[in-house]
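The next part holds the structures, each set out as structure tokens.
Next come two complexes built around subunit A: one with subunit B, the other with subunit C.
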Partner chain A sequence: MALPRPSAPALALLPALALLPVLITVVAGLHAGGVEILLTCLAAAVHPSLDPALLTALFSALQVTLAMALAGWSLSLVLGVLLGCCASERLLQTWNWPTWPALILRRSLALPRSVHELIWGLLLLQVLGLHPAVAVAAITIPYAALVARVWRDQLEALDPTRLQALLQGGAPPLAACFTALSPAMGTVLMSYGGYRLECALRSATLLGVFGLGGLGTDLQLSLQSLQFRELWSGLWMLGLLSVALELLLTLWRRQTRKAQAGQRRLCLFLAGVIVAGMAGGLWLQVLLPDSGIVVWQGLALPDWRGLTQAAAELPWLPLIVETLLLTVLAAGIAIGLPPLAMLLAPSRFWQVALNPAWALLRLIPPPLTVLLLLLSNRPTLAIGALALGLHNGGVMGRLLREELEQQSVDQQQAMATSGASARLGWLYGLFTPRSPGYLAYGAYRTDVILRETVVVGLIGGSGLGWQLLESLSSFHWDAVVVLIGAYALITLLGEWLSDQCRTRWLQS
Partner chain B sequence: MPSRERGAVALLALLLCQGVSVLPSIAKPALRVGAIPDQNPERLNRLYGQLADELSDRLKVTVRYVPVSNYPAAVSAFRTGGLDLVWFGGLTGVQARLQTSGAKVLAQRDIDARFRSVFIANTSADLQPIQSINGLTSLRGKRFTFGSESSTSGRLMPQHFLAKAGVSPSQFSGGRAGFSGSHDATIALVQSGAYQAGALNEQVWTSALKQGRVNTDKVRVIWRTPEYVDYHWVARPDLDQRFGSGFTTRLQKAILAIQPSTPRQATILELFAAKRFIPAEASQYKPIETVGRQLGKIR
Partner chain C sequence: MSSLLQLEQVRLAGSRRDRLFNLSLRIHRGERVALLGPSGAGKSSLISVINGSLTPHQGTVLWRGKSLRQRTRRQRCEIGTLWQDLRLIEELSVGQNINAGVLGRRGLPWALANLLFTIGAAPCLQCLRQAGLDPQVLAPEGLDRPVQQLSGGQRQRVALARLFRQQPSLLLADEPLASLDPAIAAEVLDRLLEKNADGSLIHGAQAVVVSLHRPDLIHRFDRVLALREGRLRIDAPATAVMPADLEDLYAL
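Right after this comes the complex of A and B.
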């Protein structure tokens, strides 16, 4: 092929180009009309409400959120790993089974993955009623599908020689897989799994709006009534909790790295995940004692005529164009911003200083960002893209930091001693070896951004996401089914595209 | 498999079986009161507890307050039996009753029978006060925002009056209306100039004015809509079976009996921004249903 092939670091930096059109639009629309409210919000961040009644209420809400997050996280990791193994061609080949079920499973997982937690929650609420299990399942379903995809991709990307050697030596398939794959996959599980816990905490927060309890209701009400001091009390509490969880995980990693062998450490982690899930489930039962049992309350299935009619009524072209534009711009910002920011000054101080910035970006929910940006701007798609991009940029920043921490600094030092500038040393010595992995995470994040377009749809009033919320609030089930189908198709297309790009640009 | 591993597998299986115990036993019946609140949580957490206490004392049952801040979730939770008594808006109440046959309208506030929305505009937007409904056509080509997508006073009725004047959301600047998410956000966004005009609940506007949260140099009212009915208390059909015959009537009486006579009852009325609750009929909400069907919010 004569097609030019950009190098991996360029691929990871190029998406930042999305900042250009977005910033141009945003700067062109700037005005000073909302500065007072903006300043109030910023002042509230350093001066949150400390009213004891509020703090008590927030604290009990935080417990519900944490319990939901733990249960959903644990279930989604276990299910995701199992599904990921079933979707892996390599594992099926090890047993000499046909590989087509893996492909079918992999493609059908696009459906649960493409629907946002909030929408899953609303759908499950229809058939299960108001029960904590709804929130747990709403987190588990899309998360398990995402974990399955990551797990499968990592399995396929491993070097197969050890596995083949063991198999040819006559080892039974199960034992061979465990021996050959568990060291590398264990690291993936512990690092990626730890990161999913924080994501689960954010999703559990969001799911509080259904009346199951949890921080979501308080945060949303504070935002709706523009009570910024109360809003920040909740946000800081959430931030403290996620920092505490993160510290616990890091501490555990550091402790066990010295003391335990790899296999044993993995078993410990798995046991921890399962115990955390059960603790979360029991805790929910204690916190919400009168939630009763889950009862399946069937829902009439939409018929074909209704579906085609609903599909004919929707303005597909603008909906899809807006959604894709929003997703692509936001994904560009989210993927390109972290390496760009780190490249600005590769000094140790700047790299450490960036960490709280990423954490803050992750902490602030996109609807709040949209509202704050709108106060001094005009309602455009760019605002939505910027809000989504910044929020997910916080997530990508964290992932990039973890990737870079696993890279040895040998190459960077070699480049420095041979006279390269600090920036070039960082770019080619540290970032380049890690950028394929980072880009893979970027592709998964794009999935998440696509389904998160639901969240900013609220203010922008644009795209498939807003249409989905509008149809849900009209209880127009035919349209909801058709729209979810559209989301799934776009997700599948994105998966196919990213697979193609990866084989063409990053491998071979 | 060596016995040690077998033991570990058995232990894991046992632990996983514990998941069954997560299914809670059926608790004694509690009356679950829900509301779609639009006020700050600091007040809500303090005040809704008082409503639960008041109803509990009068009716001698356990009452639990469930805050729901998502409109479709409140409607669905009411239908599936997760909520027994809900303070619904006009549109959501009609949606909930259509989905839950036999649900009863119990009461509304004194102000709900004659509710209004206001259209507000940024002073720099060059919009003059509107004398008759046809004046709404001056909003064509402006940046315009509604509140929440399921709100009766922030979306449904304003959109209805706009349609009456021949203005559709596609005629606004950008080809659509924004959805700020709440009445307070509408004020903030119109005041900032992000949107040139918007529509919201008149009661929220008046209280924001009273509390000095509005900069009247930047934003003002350009039109008050005609009257319509809004918020109401709706009860599930099976309350008599669950709590004893005549319970729904007792519940209605308990709500109507809330007067500013005791401090607790005065607090409750203040929370609802009402002087008292009055009986309401399902038939009063027929016009809301008609409008909802016209605009596709009711199917």
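Right after this comes the complex of A and C.
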């Protein structure tokens, strides 16, 4: 029998098999009364609390979250672009400067990038105390490093001939760079920048779940006190904000596509980013006038002996295996669920009906799902995987929908005329052409999921994340440093692996 | 001769003018029909109406005496199309693309398995040979070779093999010779039109309709249908079509 040679669509569908062990474990782990709690929570979704006092408090918390997101987003975008330019060998060569500083900078940015914003938040909380600037900095640090990487990669990927032509024609380097590179990079900035704003909003909510203020804190308190109607009031409010933001960004992208004067649009966007950052900072001052100034609380630096001792004490094998298993299962669900759901229900009606489901899954921070599941279940790795998988499945579902909307229906039509059912027409004619791109994004998402395992690990009692929380709670700084180092290393390895897969699938 | 397909007073509206206007014709068993006409005459529209991908705004299309719209999924397999843009699935291998021709007769498990393995290698190879492509040229991967690595002529043969794998009763080809060099074009036409000694078409279909932009090839066909501005201008045996008719058609 021939060895299986799965093609891209099969590779995108097979990961859905991860749902089987996860669901079996979750269903088997349900305790008496657990289902009732879950159903009560779901029923509250259509019956949220409309108490004016509560809505006022939630609205105030939502403003804090939005202000944190705007400030963090703006700072990370500005810093990321500057760092990305400095990390680009091509730009340095334009001025005939040596390229080794770019290489060093690129390698240095790997560390802040690989550490999740939640860890940054918890660390900064220890050294700066509870202050809105902690959340802003926690978003800014990893996001700026991420933006810098994307910016630098895009700069390097551009066709160099246009820049060379201008330089050979005697144009000054800065003018040549702006002329040759900014049209393409402007599109990247506006498109990727918009995406990062959505991420910043999600991160700000997540940081709130861990006590850094804003709507996330309210959601977490509502859930822990089993006030499901209050929880859903907050979630719907967050949903409305997300939808409004998405509409605004879609409108902007459409306008940008239509606009002849793209450079003017870019300037407008940059001005918008800076204004949003300043407005976010000022807004936080107005909303939280008692927060005072940031004070460095001091942190004793760990010594080498302490670090080696902490490393020797930690049970590395189970921690790493659990983290990787969590990643694989969650990535399987995230990648496999959207195409599986669309394949099972290929009609136009169901495809449209799935959209709000993806939006809802994206909206709910994974720690909240874990907390919700823990009300009816014992803590297992499967719960963390399900929460993380569903949340990222929402992101992948939306991406797949957008991908499929861009796909020509010619091949699907060709399948239909040759007698293929709607389901097979969808699979072969519509999904297959888009599956390599979808898989490539899935590889990137797996990389993100690996970073996010810390978030559910902290609550779900599994992997490095759980151990990190334990060490943070007991102020065992040596172990914290070692664990963060290990996390960074695994994340960088995962990033390298996902880069390899992405390149391969995009070339296939 | 019994008719396979019947069009009655078919009208297909377009954005500026009708793409097909009051078109009535029949396609009979055993016929090889050339569809001629200048660009924009409505050839591709007619093929799309026949294969059901476009629904006419007026008139009826009958397949074996029943409305085309009432066909079951299995009956849809009976009309196969070689599209002008081939519509191969670039991300799949040669074998998987050829197997896509039988999706109308298979279920989801088979379709999923075909994405994992190239299943049914023997019929795929047979169809490939029938389409005029020696499987040796696909070495070393053979049927696992990605379609996007093939040349234009090879891709044409794979699309033809997919069509043969479908085993349709009526075979439609929309400008199959466009962008092919004369030698390959002649061979592709041979594969579409060759007959067995008993008069049946070699690929098993009961009739063939081929839209062409080369009037010099009509002697290879039994019948000529010619369109201009969506109207049927010529419907005659190929031997009865005079050069003057063609000059008039193309307004030379």
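As a working rule, the second predicted complex is superposed on the first by the 347 of 508 C-alpha atoms of A that agree within 3 Å, B and C clash if a C-alpha of one lies under 4 Å from a C-alpha of the other, contacts with A are read in each partner's own complex, and residues count from 1 in each chain.
In this section, contacts are C-beta pairs under 8 Å (C-beta built on N, C-alpha and C of every residue); 3 or more make two chains touch, one makes a residue touch a chain.
Not measured: the values here are computed from a predicted model.
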Touched partner set for A:Thr417, first subunit B, second subunit C, both or neither: second
Touched partner set for A:Pro9, first subunit B, second subunit C, both or neither: second
Subunit B versus subunit C as contact partner of A:Tyr438, first or second or both or neither: neither
Larger contact residue set on subunit A - subunit B or subunit C: B
Touched partner set for A:Ser291, first subunit B, second subunit C, both or neither: first
First, second, both or neither for A:Gln224, with subunit B first and subunit C second: first
Which superposed partner A:Leu375 touches (first subunit B, second subunit C, both, neither): first
List of subunit C residues in touch with subunit A within their complex: 51-53, 73-81, 83, 85, 87, 89-93, 96, 100-101, 103-106, 108, 111-112, 115-118, 144, 146, 166, 168
Subunit A-facing residues of subunit B, complex: 12, 15-16, 18-19, 21-24, 26-28, 30, 34, 37-42, 44-46, 64, 66-77, 80-83, 95, 99, 122, 143, 145, 149-150, 174, 176-182, 184-185, 188-189, 191-195, 215, 218, 296-299
Interface residues, subunit A side, partner subunit C - complex: 2, 4-10, 13, 410-411, 413-421, 423-425, 427-429, 432-433, 435-436, 508
For the subunit A and subunit B complex, residues of the former touching the latter: 31, 33-34, 36-37, 49, 51, 53-54, 57, 121-122, 125-126, 128-131, 209-211, 216-218, 220-227, 230, 274-275, 278, 281-282, 284-285, 289-294, 297, 367, 371, 374-380, 458-462, 466, 469-470, 472-476
